[in-house]
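So, here's a batch of structures to check.
The following pair of complexes shares a single chain, subunit A, combined with subunit B in the former and subunit C in the latter.
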Partner chain A sequence: MNVDWKILLVELILMPIVAFVVGLLLVLLMRKVRARIERRVGPPFMQPLYDIIKLYGKKTQISHGFIMDLGVIMVVGGYIAAEVFLPVPGMDGMAREGDLITLIYLMMVPSLGLALGVGQCANPNGSIGIARALTSMLAYDIPFVIVVAGAVILYGTSNLTEIIAIQQAGGLSSWGVAMMPLLAIGGLISSYAMLGKEPFELYIAPAEIATGPMVEMSGKYLGALFVMQCFQVYAVSVLYVTLFLGGGENWFTFLLKIAAVIFVSASVTTIFPRYKTEDAIRWLWKWPTGISLLGLAIVMAK
Partner chain B sequence: MSMLAGNLDLLLLTALLTIVLTYAMGNRRVNGWCATGLYGIQLLFLIMMGMQYTQATTNLQLFSSSLTATMFGNHLVWEMSGLGWFFAVITVGAALFSSWYAAGAWSEKRDGMRLFHVAMAVNVFSMLLLLSSGDLLSLFIGWELVSWASYLIMTQRGGAAANAAFRYILYATAGAVAILAAIILLHQKAGSLDFETVRTYLAQAPNALVWVIMLLFACGFLIKMAAVPFHLWQAAAYSQTPGPAAAFLGAISSRMGLFALAIVLINLIGVARLIDMSIPYTFLDARTLWLWVAAITVIVPTFIALTQTDARMLLAWHGIGQGGYMLLGIMVASPLGVSGGLMHVFNHASYQAALFLAVTSVVYRTGTADLDRLGGLVTRMPLAFTTMLLGIIGLAGLPPMNGFVSKWMVYKSLLDANMPLLFLASVIGTLGTILSVYKLIHNTFLGQLRLEYRDVKEVPWSMSVPMLVLGGIAFITGYLPGLVLDMAAPAQAVLGIAPLPHHLGGVTAATGSLNMIWVVSILIVSIGIGALIFYGGNRTSRVHQFDNYAGGHFLTADMRYHYSHNFYAGLMRVIGPWYRGSVQWLETGLVSISNFSADLANGIYRNAYTSAYLLFTVVAGLTWVMFG
Partner chain C sequence: MTEKNELPVIRPAAGDACQSESRSGLFQHAIDSFVEFCRSRSMFILHYCTGCGAIELPPAMTSRFDMERLGISPMVTPRQADILLITGYVSIKTLKRIILTYEQMQGPKYVIGICSCTVNGGMYWQSYATAKQLNEYLPVDMYIAGCMPRPEAVLEGLMQLRDKIESGAATSWEDYFKRYDHYLGKQQHLFGKDWHTPTDVIEEARHYNLLGEGTLGENTAVLEKYLRHHQELDLTRVALEPAKTNLPDR
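Take a look at the complex of A and B:
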């Protein structure tokens, strides 16, 4: 394979930075949408970035031990690694060296880091939060995996650049959302549950377990979790756009598409209270799983 | 050729010598080191044999031994194929690390080390004999030896261990009878028991007969693998075995079932034939049945592991579940799937042995493996923590460890073969594993350190080095999976599956590639960047574990502040009833069936028309003599 090393290096550096900046914008969008629905003004444009800078710059930084430090390093590092496997317009990065399945499992590395770090804090609220987060992962990943299986079988490949190329070559009617509408619905619900917003924020649950994983986090530790949120919102929405909305032809339509995905999610957030753990599992295993299985059956029948 | 033949002879003789020497040296401290050295020599012989594959033009190279016998007109041969070689490397490697770990400080506090070392040596020898069986009869002899050797190693602690081992030997004897029945049936029909004749015979045998033979073999081999529905014996038996021996058993012992099953299903019957054997009145065929047996073996034991409160039980149940991935990959029968399944045998051995040794270290220092009574040990035993961390990432199948690569290959082969539901089942198994292994590391090493373990120290170097090396192997073969894929290639050739095109970093294919060199390098660099960002910030100040948010209370040392019992309470509220429902229903069902058939047999013999039975037998016998 003939790789242009300079271009590759630039892509590898640029892709996480782009992901972070776009992630900041998406977080701003979520907060703005929520504010407008609640008839508030919402935060100013730079607020997400200011939050992170403020937390990072705090003088008091409380650590509960090396594993907690390692945990937040893995949180940031794991997502930086994941972003270069997620192709964006004009940049494929490492997407040919690891496929969709690799990406999904790579995105679990930061979650593992967070879980380890929180575990070291020796706070039961944090541990309960992680137990709930892992439980909800089991809940939303089952419909999500069905969606992934359906998509890979429909496109005949798990290579993300190929999946984008197939959709862009075929035009609007070959987009995932047109070819497998039921899987698109199941995917939207499960990727929304991945973001951990209401009604699926059972592992944050401030009133019950004092914000769960974040209970002992302050300063740059909490800042790392903010960065994680930016990366996560970005990765989930880009993955959805890649699988169902034809990827990005250019940066304008690309940003429009991922903003649309997040806009829909953010609008749902505001109108729901929180599920109990067991109710979230039951709901996710009933509706999105059922819809996705139906969608999968249709894909298999084709 | 004579040089090659000498190699297998040397290997078997060294294995035999290991038994004799470990017996002769008894309980002396040096016994363990001597055994470790002898396993090292055996591994060296195996590596020398492996070198032949790099030079030979064909991967079908056989290493014959001068050990032969003639029994009932059958010529028995022992020769090692690439498949046997692959499993043999893992066997001897697992024995090497386990006895290395046991040789040093671990053995000081214990008596009965002679039995420990002899049992391990007997296991290795009988496994090597099984792995070099050249026909079905020698396979059966090896199989029986392995069963009794396993019984010996499991039963050594006595008490509960003896009970668990007895349960195993009951299962194993039943299985052996089934295997023997299949072999006798084949001998009757095919006239010989060498693989080639049997293969030719089975190719033209009627479907019904192949079904019978397949199911009889399956009963025996699945028991060793502890595949569902024969999964009940294994976890209790393995977890009661002394730590390093449990690491050895967990790494390789049940894979003997996979080895034998692969020979019968893939090599003798063939996947094409399995697909051809449809189950009447369903859409299923024999291969689909096997795939689902494998998938259920992935899910059920994994979710039983999730509910365990003993670290060794948890690991043993996961070992059963991971065996399902191996069978799944092999039964997909595509080059990618078989490579993934075989590679998982190696990968699983490396991280499972590391995990068992890490747990053994915890038991060595604290005296318990009860997940509700540990916690916070990371500050006291960082090396055991590191080993367990490497191990659980491998077991959960996440990058950058080797478990991810082999599972990725199994997933990908299932998707390539258009089997989305089996793919879903295998991912559900992985998700359950992630939940379970986090509980393992959290309850043991993270959270609050109990007062009674405040002065616990790291295990001595003689114990921490072997387990760290195992963890290192699991990492390196994750970084460079091509190393293991090269080793699995001869095994794949023996099974008659086309070779998998691969390179040092993994697999490149049009429908999706995996290059672990890139994946791991990028992960390491990214974590480095994460570290730079983190340490670039203000200095952190370390606080005591009780300097914690406790809703306004002050924490003291007598306060249990570690969330460990019933860790996944919310999940159990949903799936908890299913255990009581379906899983235990399966167990009681199995017990009921055996009780029922025992009662039936009992009834026939006891309820007395003995003379009538004798008459029937004589008449049947005479009929057979006259018209048979």
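Take a look at the complex of A and C:
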């Protein structure tokens, strides 16, 4: 394995920063799309950054103990670790060494970290929220894993850089979305659920359990969760683009594609109300799982 | 007051000692004013809506006037919020909840009183059950008068608060720490001498360097008997002894 350590080091530092900046833009896009659908003007351009700096600039602070601090570090750290496995144009990072399976594991770390941290707050809303978050993880991970398995079988590799290379070599007709449309639909639905947006917002639910896991988070803790949201939106959209939309040939098409994924998801989520926990599980295990299984069968039959 | 010094210090979240205005370097000044700017452009509101002024907030938030373009968005818990927005009359029972909520918010925090009821009691002037002036019990940054103020007035008030925060003048949240004895006295006058909240305001003031002339006094001396001293949890004993629960046997 020939690894140029200097380049790798630069990429390891640069990729999370890129993820954060692009994530800020994506969060802005989501808020803007939501505002426009509600016929509002929406937040100004720098709003996500203002929010984060304001939260980090709070002067008093409540910590509920060491485990909560550790949980928040796990939340942000898990996504930072995931970002370096997601190839962007010009930077592969660790994507050649780790693969899709590693990435799935790393993307589960933040949920577990949140569960660990919120457990110490002793706030019932937080506990309910985290129970729902883990339940919904159980619900969306089944279609998601089926989608990933289908993609791995189709491309014959679980290496993300090779998946991108195969799609870019074959042109538009070899994109994942053309080769396995059913899996692309299943993946899109489970990516909504992964973002915790409206139909599957069951663990945030501001009017019901007061933002669930975030209920006791103040100042820097909430700031860390806002940073996490940037990373999360970025990671989910880049993973979708990598698997189904041919990755990024250059930065322009790359940003265009991830913005399109988030645009579609934000437009859909804005017009839906929230599922109950049991309904969300039932729905996720019935429709996206069914569609993905059918897609998997078609892929395996080829 | 000497025995209060024996209290253990609340464990701080790392590196959050409150810096006062002693930062003088050019670079530090630039950072501080940038943070003030961000504070003024991102205000999370916790609205405490028991009065009729609440009806004017939905139009201010939704498509007609759209607060979000000013960076103002509603939040649902006191921990996350910067502004406590109190709309309308404050009954004595309500005021207890408002104080509990206010003490859970993290500074810098701001209080806005909407409607004339928070200013001087309004049409409830003669009521035995309402608190007349909100700023006797809490430091209020801004009043928006009117019965009820229209959404334009609400937004105008919020924009004035924004300018106040940007210029660094909105420091009345420190006043609650620095003159806690005064505020507590007013609260005790209304609720009785046994009034106390779970938040140890004096200890927080000490921790964040906000102890002022009026933090301690005759009213805070009453709080002494309600203070629960922090104790180290003896883990060995907890592990060895079976937990006693009040659950009924199945």
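We adopt the following convention: the second predicted complex is superposed on the first by the 302 of 302 C-alpha atoms of A that agree within 3 Å, B and C clash if a C-alpha of one lies under 4 Å from a C-alpha of the other, contacts with A are read in each partner's own complex, and residues count from 1 in each chain.
Criterion: contacts are C-beta pairs under 8 Å (C-beta built on N, C-alpha and C of every residue); 3 or more make two chains touch, one makes a residue touch a chain.
Everything numeric here is computed off the predicted structure, so don't read it as measured data.
By the touch criterion defined above, A:P87 lies against neither subunit B nor subunit C after alignment on the C-alpha atoms of chain A. Look at A:P288: by the touch rule set out above, it reaches neither subunit B nor subunit C.
For subunit A, the partner that touches more of its residues is B, with subunit B and subunit C as the two candidates. After overlaying the two complexes on the shared chain, residue contacts for A:D69 are found with subunit B and with subunit C alike.
In the superposition on chain A, A:G186 makes contact with neither subunit B nor subunit C. In the overlay built on the shared chain, the residue A:V41 is in contact with subunit C alone; subunit B does not reach it. When both complexes are overlaid on chain A, the residue A:I130 reaches subunit B alone and has no touch with subunit C.
After overlaying the two complexes on the shared chain, residue contacts for A:G247 are found with neither subunit B nor subunit C.
When the two complexes are overlaid on their common chain A, residue A:K59 makes contact with subunit B and with subunit C alike. When the shared chain is aligned, no partner comes close enough to touch A:P199: not subunit B, not subunit C.
Looking at subunit A, you'll find residues 57-63, 65, 69, 210, 215-216, 219-220 touch subunit B in one structure and subunit C in the other. Interface residues of subunit B facing subunit A in the complex, by the touch rule stated above, are 375-376, 378-379, 385, 389, 393, 396-399, 404, 408, 411-412, 415, 418, 420, 423-424, 427-428, 431-432, 434-435, 438-439, 441-442, 445-449, 510-515, 518-519, 522-523, 525-531, 533-534, 537-543, 545, 548-551, 561-564, 567-571, 573-574. Chain contact summary for the complex, subunit A toward subunit B: residues 12, 16, 56-65, 67, 69, 72-81, 84-85, 94, 96-102, 105-106, 108-109, 112, 115-116, 119-125, 127-128, 130-132, 134-135, 137-138, 141-142, 145-146, 149-150, 152-153, 156-159, 162, 202, 210, 215-216, 219-220, 224, 276-278, 281-282, 285, 296, 300. Subunit A meets subunit C in the complex at residues 31, 35, 38-44, 46-47, 49-51, 53-54, 57-63, 65, 69, 206-207, 210-211, 214-220, 222.
Contact residues on subunit C toward subunit A in their complex (touch as defined above): 11-14, 16, 18-19, 34-35, 38-39, 41-42, 62-63, 66, 68-69, 71, 75-77, 79-80, 82, 106-108, 204, 208.
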